[in-house]
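Shared chain: subunit A. Partners: subunit B in the first complex, subunit C in the second.
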Partner chain A sequence: MAATTSWIRVGWRNIGRNPRRTALTSGGLAVGYFAVVFMTGWTGGINEELIENATSLVGGQIEIHDGEYLPDRSLYDTIGGRDGVDVDALLAAVDSDPGVAASAPRVFAGGLVSSGESTSAVVLLGVDVARETRVSRFLKRLKDGRTPVQGASEFVLGAETARQLAVETGDEVVLVAPGADGSLANGLYTLAGVFETGLTELDNGLAVMPITDLQEFIVLPENRIHEIAVAALKPAEADATATRLEAMLVEFATGIDAAPWTELHPAVVDYVGLSESVHWIILAIVFTIAVFGVANTMLLATFERRREFAVMLALGAPPLAIAGAVVTEALAIGVVSLAAGALFTYPLMIWWHIAPPDLSWLYGSTTLAGVLITPSLRIAYDVSTWFSATAVLLLTTVLAALYPALRAAMISPADTLSGL
Partner chain B sequence: MFDARTATRAATVFTALWLATPAPAQIDPVEIIDKVDRLLRGESSRALATMEVVTGNWERTLTMEAWSLGTDYFLVRLLRPKKEAGTATLKSENNIWNYLPKVDRTIKIPASMMGGSWMGSHFTNDDLVKQSRLAEDYDIDLSFDGRDASDVRVWDFKLTPKPDAAVVWGHVEYRVRQNDLMPVWAKFYDEAGSLARSMEFGGFREFDGRLLPSVIHMRPADEPDEHTTIRYEELDFDIDITERFFSLRNLKKHR
Partner chain C sequence: MAGRSTLYLREPAWRVSAKLALRSLRLNVRRTILTAAAMILGGGLLIFGFSLTDGGQEMWIREAARMGTGHIVVERPEFRTAPRIENRLPREVHDVVTRALAAPAVASRVMAASARLSVSGLASSTAGARPVRITAVVPEAEAGLSTLDTKVVSGRYLGPDDDARAVIGERLAASLRLEPGSKFVVQSEDATGEIASQLLRVAGIFRSGVSEVDQTTVQVPLRTADSWLGAGNGVTNVNVVLLHSSMVPETVDALEEALAANILEGDVAVLDWKMANPALASAIALDDFSGSIVRVLLFAIIAFGIMNTVLMSVLHRHREFGILQAIGMSPGQTGVIVLIEGMVLTFLSGFIGVGLGSFLTWYFFGDGLDFSGAMDEMTFSGILLEPIIVPEFRLGRYLQALGFILVVGTISSIYPAVRAANIDVTEVLKFDR
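Our next item is the complex of A and B:
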């Protein structure tokens, strides 16, 4: 046992023989380690934002509808059918689920917004402002003005539609919509504010007003709503929560459908799955390159010392111990690299996680699978990748040392010492 | 209207230039359809009509007064229900405006809403706008010459859009009575060849000395329980009216 320890010590000490070479090799490995942790952290950050924006910009992590509502979104397919439901009781029941953080009722209608010569077709969305801001983000920070007040004939509009209509906060416009009774609903409304999400579908073509105001406008009874948007405490558990909600809501009305975001945004699920598999590809590429770098270093180091190994073998050192010393030396380089890598990788990750650098100088807002992605270097803590990157780094150094170690162990003492 | 336009055209059964020529031995499909077409339209007209709309969710009946001049100008104003009286639509060339008396505002219908329903009916805004002549947009072939189920001699025509015609239908079938050239029905098929909607004509009677269908019944194929029925109560032709009548100012005039 003592003998084994001393061979390990020999290996460890050997990294100090040529400090410059050790530093260069470790530096390369440390940068490789950083690259893996950073790339997976960044794509993880994009995935997090993707899921967040898909599920909390406007949509919820879970959406509750009448089973017939999607995909046609008929005005008449309200939750509970034509009879409607007790909306307050339904919301209270949804809120009581342990997986639910908040819920908000919604009514949708198609309509026109007209000001002067300009008219735009919009989706009219009726919301309970207080509840809505706990579920979605688009009304939280308005570009201009404030959220609409119930009963005051007020509404808010997406920035792009407002620009096209050339209207500003405080302007009076005409809203027109087909009423649920077949009449042509129309009225004068004041623009209370303008929201901007960065997502064209919302900024161009969405007008929002208090839910009871919209119901009154389109002659839809107050107990008839189209959607309940739900914020789940944990997005990852949305599927289970949706299943629970659907089972629970049977007592309110038949045919209620609770869909988790994984069902509403299958493209996002696919994208996240794809980018997670890319993590492994990045890991493999970076460390494959590292294997050759370390192998090169170790081959040089062992070649330089072939006479030393020959003497040791001639004096009776077991070949396996020589090989062990070489592998230990490589492993020692790995440990040093890891320490160096961790020294700058983790502080950077923590910094960027807390304060994501703005990358708008590099690229603008973009959409992935129909979901908004902002230009910021947002880092997700992907602890499992940290561990796997550490393990793969150490494994890399061992793998890279195997061939040099074998060469060292197989040195023929007599030939080498005689200078052949 | 005969794509989307037939509906409109029929809806605007205003003037009929009735050419009572004896049926020739060799019939010319284009000439016949053109005659029916002109019958259902006119140089100028005034009409009083009711429109009954039945959908799966509501039913309503509107009474309206309408004026037309050629194919470019059309003004319709609701008289009943009282709540909506004064609501009016103006078509001038390719544009449509709606006047809303409740808010005293006129709004122009954007291009994106042209396919939308007109006053909640099964007619679209496009039906009002696209009123060109059938013979200009379609190749017309005689597909049937014989007697229908009630032993009336009829012709069936198949109207296929000309390659450059801006029409929404794949093809249109049209039945006309041989003895008086009254339209019986028109069926509109989509690009895939499925029936999209059908229009039946009935209540043939004389208006201002001309025989015309007084009832037009529109039925969407995908909602068999729904329909829109227009009944003409009064119809006057060649009235004294000019383009100046079809102004935004006149659109707003309350009655």
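Our next item is the complex of A and C:
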């Protein structure tokens, strides 16, 4: 035991023999460590934002519909069919689930908004404003004005549509929509506010008003709604919560479908899976390159000390112990690199996690799988990658030291010492 | 030459330095190979990454161009912010554009051009009403430009003699419960500002894979839109798809020159795909940015390795440099040996890496790298990404890669070179170790 520790000490102490070499080798490994943690943190940040924007910008983490509603989104396919349901009781039941944070009822219709000089086709969305803001974000911070008040013939509009129609908060416009009874409804409404999400689909083509106002406008009874949007406490558990809700809601009406976001946005799930598999590729490439640096260093270090090893061997040190000392030395370099890497990696990760740098000077908002991505360098804490990067770094140093260690152990004492 | 004698050589000093540098590389085979291996791998990965990124982006831009506004779109400046019928292209401007596109210099780069009248409206059937984007086209011209005709999943694409027929997206068809042969009504603002209705019959249903497109697109023959909206043969945009996206700047210049007078009057604007589709430009900028970060980090790691090797070789050769300086080589010449050593090593191995990387990429993935197992239908910036990426090798990228490698090699050799130049001759020769 004592012998083993002494060889480890020999290995450890040797990294101080040539501090410059140790610093350069560790520098390469530390940058490699940073590269892996940063790249995975960044893709993780994009994934987080994707999931967040897919599930809380407008869509919920779980959406409850009549089984027939998607994909047609027919006006008549309300929850509970033509008879409707007791909406308040249904919402109370959904809220009572332990996995649910909030829920909000919605009614959809198609219509035209006319400002007098121009007309735009829109999707009319009826919401319960108080409930809606707990589920989705788009009404929370309006670009202008305020949320619509029930019974006051008010509505809010996406910024792009408002701009195209040249209307501002306070202006009166005409809404036209086919009603559920087959009539063509029209009415005079006041624009209470304008929202802006950055997603063209919403900013251009969505008009929002209180749910009862819309039901009245399109002649749909109050007990008929198209959708309940649900915010789950944890997005990762949305699947299980949706299954539970679906089972529970059978007592209200038949054919109710509760779909988690993973089902509503399969492309987002695909993308997240794909980018996580890329983590391993990044890890492999970075450390494959780093292996050469370590191998080179260790080979030089053992080569310049072959007389030292020869003396040790001549004095009776077992070859395995020599190899152990070389491997320990490499491992020690690995530990130094980790410390150096952690020293600048983690403060940066924490800083960028708390205050993501703005990248709008470089690129604007875009969409991935139909979901908004904003230009910011957002970092997600990915603890499992931190651990795997640490493990792979140490493994890299050991692997790179194996060949030099073997060479050191196989030195022939007589030849080396005679070559004086 | 205070304190130093000058070495009288029959050859120029730099050649002596170069010879010494090359000899040192040859004598330390193992070190050379290890350093070269890292650089070869780096160079190979660099060109592999470049060719796939370029190939992927080109495909992406082409797909966006063919599904949307083309590589270049000519329209009124107001149309971008107010895509309405009143912002039609003046007739004479349309004529100038048609002539400019037919000019030999431009025509050789153009794959297809199509004039469109694009307005928003409401489509309704007995099942409900949906906001839609109605695009009126000349079917033959449009089929040459757009890939929409190949994406029809039921029914057929518009034919030259069709009137009051429409091709619609799959999701819209589902929403309105329409199938080929069904009738539906579209309403939109006409040229006089009144709401006008038109009864259409579904000719075909397409599936682009982009939900927004499948949800909102209605394509009708231009002649139908003309009688319905009273547009008087007018169009809102002329869309052009080129053979390759690299031809965009020169073609935009040529069109702008032809339209100079009209542009000055504010009648027309020539937009490239970046201006017409900022989301795509952003997505590509994001792609480029993350690519550059990966490359910089990768080469930072390699730079450490090279610096380490070259520095170690300097420390080992203190006596050699000491003797060289003692017999009259200047510190600068000694430094140059090290610098040449580092640069030759990195450049040669970088060159081999780039060559090997190109060959392997071409050999294994020349027909395209298939990602279809990893993802179904992925849209980025509203464009459906093809799951097969065909690598594209560009001369500019090779110059960029080799330049980058040379810069990294040179920078990481500078410090060791300075150290070799500044050795204390008497000190290093003092002991015979």
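Methods note: the second predicted complex is superposed on the first by the 419 of 420 C-alpha atoms of A that agree within 3 Å, B and C clash if a C-alpha of one lies under 4 Å from a C-alpha of the other, contacts with A are read in each partner's own complex, and residues count from 1 in each chain.
The working rule: a residue touches a chain if its C-beta (ideal position, glycine included) is under 8 Å from a C-beta of that chain, and two chains touch if they have at least 3 such contacts.
These figures come from a predicted structure and were not determined experimentally.
Trainee: Overlay done on subunit A, so just call it for subunit B and subunit C: clash or fit.
Mentor: They clash: once the shared chain is superposed, the two partners overlap in space.
Trainee: Figure out whether A:E117 sits in contact with subunit B (first) or subunit C (second), or with both, or with neither.
Mentor: Touch partners of A:E117: subunit B and subunit C.
Trainee: Where does A:I285 make contact in the superposed view: on subunit B (first), on subunit C (second), on both, or on neither?
Mentor: Second partner only.
Trainee: So in the superposed three-chain picture, is A:G255 touching just subunit B, just subunit C, both, or none of them (first/second/both/neither)?
Mentor: It touches nothing on subunit B or subunit C.
Trainee: Is A:D181 contacted by the first partner subunit B, the second partner subunit C, both or neither?
Mentor: first
Trainee: Based on the superposed arrangement, let me know which partner A:P357 touches: subunit B (first), subunit C (second), both, or neither?
Mentor: Neither partner.
Trainee: Could you let me know whether more residues of subunit A are touched by subunit B or by subunit C?
Mentor: When the residues of subunit A touched by each partner are counted, C comes out ahead.
Trainee: With both complexes superposed on chain A, which partner does A:R163 reach: first (subunit B), second (subunit C), both or neither?
Mentor: After superposing on A, A:R163 lies in contact with subunit C but is clear of subunit B.
Trainee: Applying the document's definition of touch, where does A:R21 land relative to subunit B and subunit C: first, second, both, or neither?
Mentor: Second partner only, subunit C.
Trainee: Give the one stretch of subunit B, out of 59-67, 113-121 or 221-229, that collides with subunit C after superposing.
Mentor: The one stretch of subunit B in steric conflict with subunit C is 113-121.
Trainee: Which parts of subunit A are touched by subunit B and by subunit C alike?
Mentor: 112, 114, 117-121, 178
Trainee: If we count contacts the way the header does, which residues on subunit B are in touch with subunit A in the complex?
Mentor: Spelled out, the residues of subunit B in touch with subunit A are 53, 55-60, 83-84, 87, 98, 100, 102-103, 105, 107-110, 112-113, 117, 119-120.
Trainee: In the complex of these two chains, what residues of subunit A are touching subunit B?
Mentor: 76, 112, 114, 117-121, 174, 176, 178, 180-184, 186-188
Trainee: Would you mind writing out the residues of subunit A in touch with subunit C in their complex?
Mentor: Per the stated touch rule, the residues are 18, 20-21, 24-25, 27-29, 31-32, 34-35, 38-39, 42, 71-75, 109-112, 114, 117-123, 163-164, 177-178, 200-201, 205, 266-267, 270-271, 273-274, 277, 282, 285-286, 288-290, 292-293, 295-297, 299-300, 304, 359, 362-370, 373, 375.
Trainee: What residues on subunit C touch subunit A, complex-wise?
Mentor: These residues of subunit C touch subunit A: 30-31, 34-35, 37-38, 41-42, 45, 81-84, 120-122, 124, 127-132, 171, 174-175, 177, 187-189, 193, 195, 210-212, 278-283, 285-286, 289-290, 293-294, 297-298, 300-305, 307-309, 311-312, 315-316, 374-382.
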